[in-house]
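In the two complexes below, chain A is the common chain; its partner is chain B in one and chain C in the other.
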Partner chain A sequence: MAKVIVDGIPVEVPNGSSVLQACEAAGKEIPRFCYHDKLSVAGNCRMCMVEITGARKPLVSSCSHPVMEGMHVTTDSETIRTARRSTMELLLINHPLDCPICDQGGECDLQDQAVGYGRDCSRYTDEKRAVVDKYMGPLIRTVMTRCIQCTRCIRFTNEIAGTAELGGIYRGTSLEITPFIEQSLVSELSGNLIDVCPVGALTSKPTAFHYRSWELKNTDSIDVVDAVGTNIMLQIRGNEVMRVLPRKNDDVNEEWLSDKGRFSLDGLKRRRLDRPWIKKNGKLVEASWTETIQYVADKLKTVAADRIGAIAGDLCDAESMLALKHLVNGLGSANTDCRQDNAYYDISERGNYVFNSSIAGIEDADALLVIGSFPRQEAPVLNARIRKRWLSLTEQFPIAYIGELPDDPTYKIDHLGESPELINELLAGNHAFVDILKNAKRPMIILGHGALIRPDSKVIFEKTMALANAIGAVSEDWNGFNILHHAASRVAGLDLGFIPQGQGKDVAAMINGGVDVLWMLGADEVDISTLSPECFVIYQGHHGERAASRADVILPGATYTEKSGTYVNTEGRVQRSFRAICPPGEAKEEWSVICSIGQALAVEQPYQNLETLRQYMTEVNPVFAQCGLVKNSVAVSVGDGAQGNFEKQPLTAVISDYFLTNSISRASLTMNECSKLRYAPSAEAAE
Partner chain B sequence: MTTFGTRLHTMFKGRLVGKDADGRSYYESRKQNRLGGGELRHERWVIYKKGEDPSAVPPEWWVWLHHGADAAVPVSKRHPWQASYHANATGTAKAYHPQGSDYDGGKRAKATGDYESWSPEE
Partner chain C sequence: MSEKSMNIQPAEFTFDQESEQQIEKILAKYPAARKASAVISLLYVVQNQMNRETKSAWVPKVAMSVVAKRLEISPVRVFEVATFYTMFNLEPIGQYHLQVCGTTPCWLRGSDDIVTACKNATGIKEFGQTSDDGMFTLSEVECLGACANAPILQVDHDYYEDMTAESTTKLIDLLRQGNKPAHGSMIDRFNSAPIGKKFSQNTEAKDVK
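Here is the complex of A and B:
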């Protein structure tokens, strides 16, 4: 630790910190453009000037100057102000005065700091620089004349996204930021460029000119497009979500958000189920809630208890799943399943189906084996964390993948192959990579759903567990056995026991004639083509897709923005979101409709409102008692008697189209355009 | 229309001053019996047609009625660009309803924040 005195305030900061960090520790705000917490230091904007007493050149840029013991720093003096004013004047020479038509207006760093350090008139009479706008795909709008060359975007794509798509060409005042070739950005984290850009050079294209930042109200929420549980802020105007921004949470997402979470929000306004429908004489007709609830209750009374089944989808909140499980169990059926893809989990212990190392824990790991998963598509923000660990210079981080590679993983990997037989080879110690894992102090294994949705997934799971034990991935203070989920509701479903118990039927059995009444809670990804025409389908959800067209009764529900819900991310972290807007039309939160139907059926229910439902939830599983924390069992016990043989076919990637994985993103025009550009680029030439 | 008392009062105390274009009669009292504007002056009143309220008085006579002028402004003083005067239509069939009002069919043009609902034909 080094002791530094900032404006007379003594602070202690770690050795190697910058002067800017010391100033922030002392509570002094230093203006900056190029410096960003999570990016490397560039030191090229010269706005963060401070004075260091006794230095040969007293004015230094604080972001790039390391602290020294006993340093005296002044953050505000006439010299400093003059220096910052000059910097500002230089930046404004080529910056257009188009704040009134700029989307960054109101949240622009340059605008804010010009209030403090700008001159009231210009002394510049030469011609201003103009830069041609660059094409960066359907998500990012560019007005490159506004660029102040802070190079944050270049550093972001190089360091965080790992796609190295942006760079600078030409020198000095002619420097231009460019993607070099005219094509859409390929990073799944490209939306963060908008947040990173301090001015209006990079702004959101789908919502260009739709809102002003000061018109928006914020609601804290949790992202549901993947299982990372990214902390987000929903910014609303009226009854409409205008923008989604990441919230800072170093344990989960740092300050990043995936593109799907950020840009699929126009899907919230299309294909919405906004009124109950009942099928009469083979045709769906509109109905009232009273009629619909009575209709469903009457139907449920007529069938045998074990012929009732329920499937929960990937976007469900824990509340609605618990309510539905309680109803179905209360009617005497054990046919509940939250695994639309029929994945195999060992739910005897919580450690067997969550990401035990935790996302922040990736930074402590020193070797990684990924089996049947492609984190870049399944969890882009988590993949950025793996890349961050891989980039760190202190220790090597060897990474190996087993399974199909649909794309560049954004870091250097050792691709062992695609066959599950490789797990046996590693287990037998016949492979070079097993020595790396064995020599590592904290090795990690990530088992993805590419390996868990196969017929032989039980064998793969147990052998991987045995491998984890063999390489010492599970010890007293480190648990390196991880399951990577990509469905936001999955871990909560497993925690609540929303899976067939006892004689209960799983998804495949239910679809193939196992039930007479099938309750689909937002289950859009199940293949229902083999469902018998006699089966009575109740679809409860927010978007009309195939399942809704097949349904006999539709109960309109709320999306994640329209209800307060509990979600458990892949780490097993319980997080709660708040309601930002009202559901459209007559749609209602799912749990309240289930509660009403339960009342109509006279099923005894231990809850009446959201509060008592959540209380009941903590009784069902105590992990729900505490939000925001991860408490996983450290010891994972498994016998070495993993039996059985692997199937021949290679491990395939579980996501074929990153942009279209759930009903919200499939309804989104932006996501459809992105998908078309990414996966069928020949059909659509760059504009 | 007037009440019986008003008719008696008009008959015994009133003097017809004139009629407007629609035929409403304007009266003032024969004696200066009202204190107003710091002096004793004639009381002025109007006999409406059936079902009318005070907003029915045209501006030419309104100013006389409220002691703003000694005589009503003649209709000939109207300019060609002046819109013709209408009484307040609130509560009648001719009342104004904004776009999308339920009294007006409930249909409005698309606006931000609207959503597209799903229907089985899709």
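Here is the complex of A and C:
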């Protein structure tokens, strides 16, 4: 630690910190453009000037100047102000000053700092330079004349995204930011460029000119497009979500958000189910809630309990799943399943189905084996954490993958192959990588759904567990056995026991004639083509997709933005989101509809409102009592399946189209366009 | 990069055998993990190969991706370097690249005359243009570090020194005939030794051979 005195305030900061960090520790705000605390230091904008008493050159850029014991720093003086004013003047020489038509207006660093350090008029009489805008795909709008060459975007793609797509070409006053080829950016994190760019050079294309930042109201929420549980902020105007931004949470997403989470928002308004429908004489007709609830209740009364089944989809909140499970169980059926993909889990211990190392814990690991997963698509933000660890200069981080590689993982890996047989080889110690894992102090294994949705998943799971034990991945103070989920609702579903109990039927059994009434709670991804025409389908959800068109009754529901919900991320972290807007038309939060149907059926329900429902939830599973990360029980060791055999076919990736994985993103025009450009690039307009 | 250059970009580029041999030598100079440092040298290899193949020394965009692949870096990193240095031509140029130094010593010694002579002999009107016959491209460059023998006209990689308008015209005529004369000083001078006889500030001009 070094003691530094900032404006007379003594602070202690770790050795190697920058003067800027010391100033922040002393509560002083230092203006900056190029410095970003998650990116490497460039020190090129010169806005962060401070004075250091006794230094050879007293004015230094604080972001790139390391602290020294006993240093005296002044953050405000006439000299400093003059320096900052000059910097500002230089930056504005070529800036177009088009704030009135700039989407960054109101939240622009340049604008804000011009208030403090800008001259009221320009002394510059020469022509300004203009830069040709660059095409970066359907998500990022560029106005490159506004760029102040801070290079944050270059550093972001280089360091965080790992795609190294942007660069600075030419030099001096001609410097321009550009991708090598003008095509859609390939990173799944590209939307963060908008946040990272301090000016209006990179802004959101799909929502260009839709709002002004000061018109928006914020609601805290949780992203549901994957199981990372990214903390987000929904920005609302009227009854519309105008923008989704990440919230800072160093334990989960740092300050990043995946493109799907950010840009699916137009899907919230399209193809919505906004009123109840009942199928009469083969045709869906509009109905009132009272009629619909009675209709469903009457139907449920007529069937045998064990012929009722419920499937929960990937976006469901824990409240709705619990209410539905309670109802179905209350009617006497054990047929509930939240695994649309029929994945195999061992739920005897919570540690067996969550990401035990925790996302932040990735930074402590020193070797990683990924089996049947491609985190870049299944959890882009988590993948950025792996990359961050990999980039760390202090310690090596060897990474190996077993399974299909649909793309570049964004860091160097040892691709062992695609066959599950490799697990056996690792177990037998026949593979060089096993030594790396064994020698590591905190080795990690990530088991993904590419390995869990196969007929031999139990074998893979247990052998992987055995491997984890063999390499010492699970110990008192380190748990390196991880399941990576990509469905936001899955861990909560497992925590609540929304899986077939006892004689209960799973998704496959239910679809293949196991039930006469099937309640599909947002279950949009199950293949229902083999469902018998006699089966009565209750579809409850927000988007009219395949399942809704097959439904006999449609109960319109709320998206994650329209309800207060509990979500458990892949780590087992319980998080709450808040209701930002109202559902469209007559759509209602799912749990309340389920509750009403339960009442109509006189099923005993120990809850009447959200509060008591959440109370009940903590009784069902105490992990819900506390928001945040719950310490998971240690994964248990091998069961009997470890002797089984693997199937021949290779481990394939679970996500074939990153952009279209759920009903919201499938309804989004932006996501559809992205998908078309990425997966059928010939269609890309020559720009 | 201009509209024009987008149309003339070749669809592909592969190193020929000669280039491969050069690359092997170049890469041997760097530790394997630091081979990205060879980017400038490799861009020269590209430019020279283009000269051999098309009589025009320039670096097409596809070649940048080829270099990037070879060095295992992102193509935009190569693009950055290629655009940073004026020595890399990003569009096709004439068979001979006439580069007149216009920095102060050369200018004092008459570089303006050299420029005029170049323009007259080739029909080029402005810097950056290529003559109609495609033989010459004229550029102005900054100090070539050979001020002792100013003014300098650099043709491709070679320096022609102590130029005059006459020697420039003659040189261009010879080049047009496909005759590249020996480079170096165009007058009675050995390397950058004094004209005629060697002498130092302390001695009279006398023969010290």
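In the analysis below, the second predicted complex is superposed on the first by the 677 of 687 C-alpha atoms of A that agree within 3 Å, B and C clash if a C-alpha of one lies under 4 Å from a C-alpha of the other, contacts with A are read in each partner's own complex, and residues count from 1 in each chain.
FYI, contacts are C-beta pairs under 8 Å (C-beta built on N, C-alpha and C of every residue); 3 or more make two chains touch, one makes a residue touch a chain.
On a predicted model such as this, the values are computed, not experimentally measured, just so you know.
Student: Based on the superposed arrangement around chain A, label chain B with chain C as either clash or fit.
Tutor: Partners fit side by side after overlay.
Student: In the superposed arrangement, which partner chain does A:240 touch: chain B (first), chain C (second), both, or neither?
Tutor: The answer is first: A:240 touches chain B but not chain C.
Student: Touch check for A:169: first (chain B), second (chain C), both, or neither?
Tutor: second
Student: Is A:644 in contact with chain B, with chain C, with both, or with neither (first, second, both, neither)?
Tutor: neither
Student: Just to be sure I read the superposition right, which of the two partners does A:606 touch: chain B = first, chain C = second, or both, or neither?
Tutor: Neither partner.
Student: Between chain B and chain C, whom does A:628 touch in the aligned arrangement: first, second, both, or neither?
Tutor: A:628: touches no partner chain.
Student: Specify the partner with more touching residues on chain A, choosing between chain B and chain C.
Tutor: B
Student: With both complexes placed on chain A, how many Å separate the closest C-alpha atoms of chain B and chain C?
Tutor: So the smallest C-alpha gap separating chain B from chain C comes to 39 Å.
Student: Can you list the chain A residues touching chain C in their complex?
Tutor: Residues 158, 163-171, 178-181.
Student: Note which residues of chain C are touching chain A in the complex, please.
Tutor: 64-65, 73-77, 79-80, 83-84
Student: Considering the complex alone, what residue numbers of chain A touch chain B?
Tutor: Interface residues on chain A, with respect to chain B: 210, 237-240, 268-275, 277, 283-284, 543-544, 548-549, 584-585.
Student: Can you tell me which positions in chain B touch chain A when the two form their complex?
Tutor: For this pair, the touching residues of chain B are 112-120, 122.
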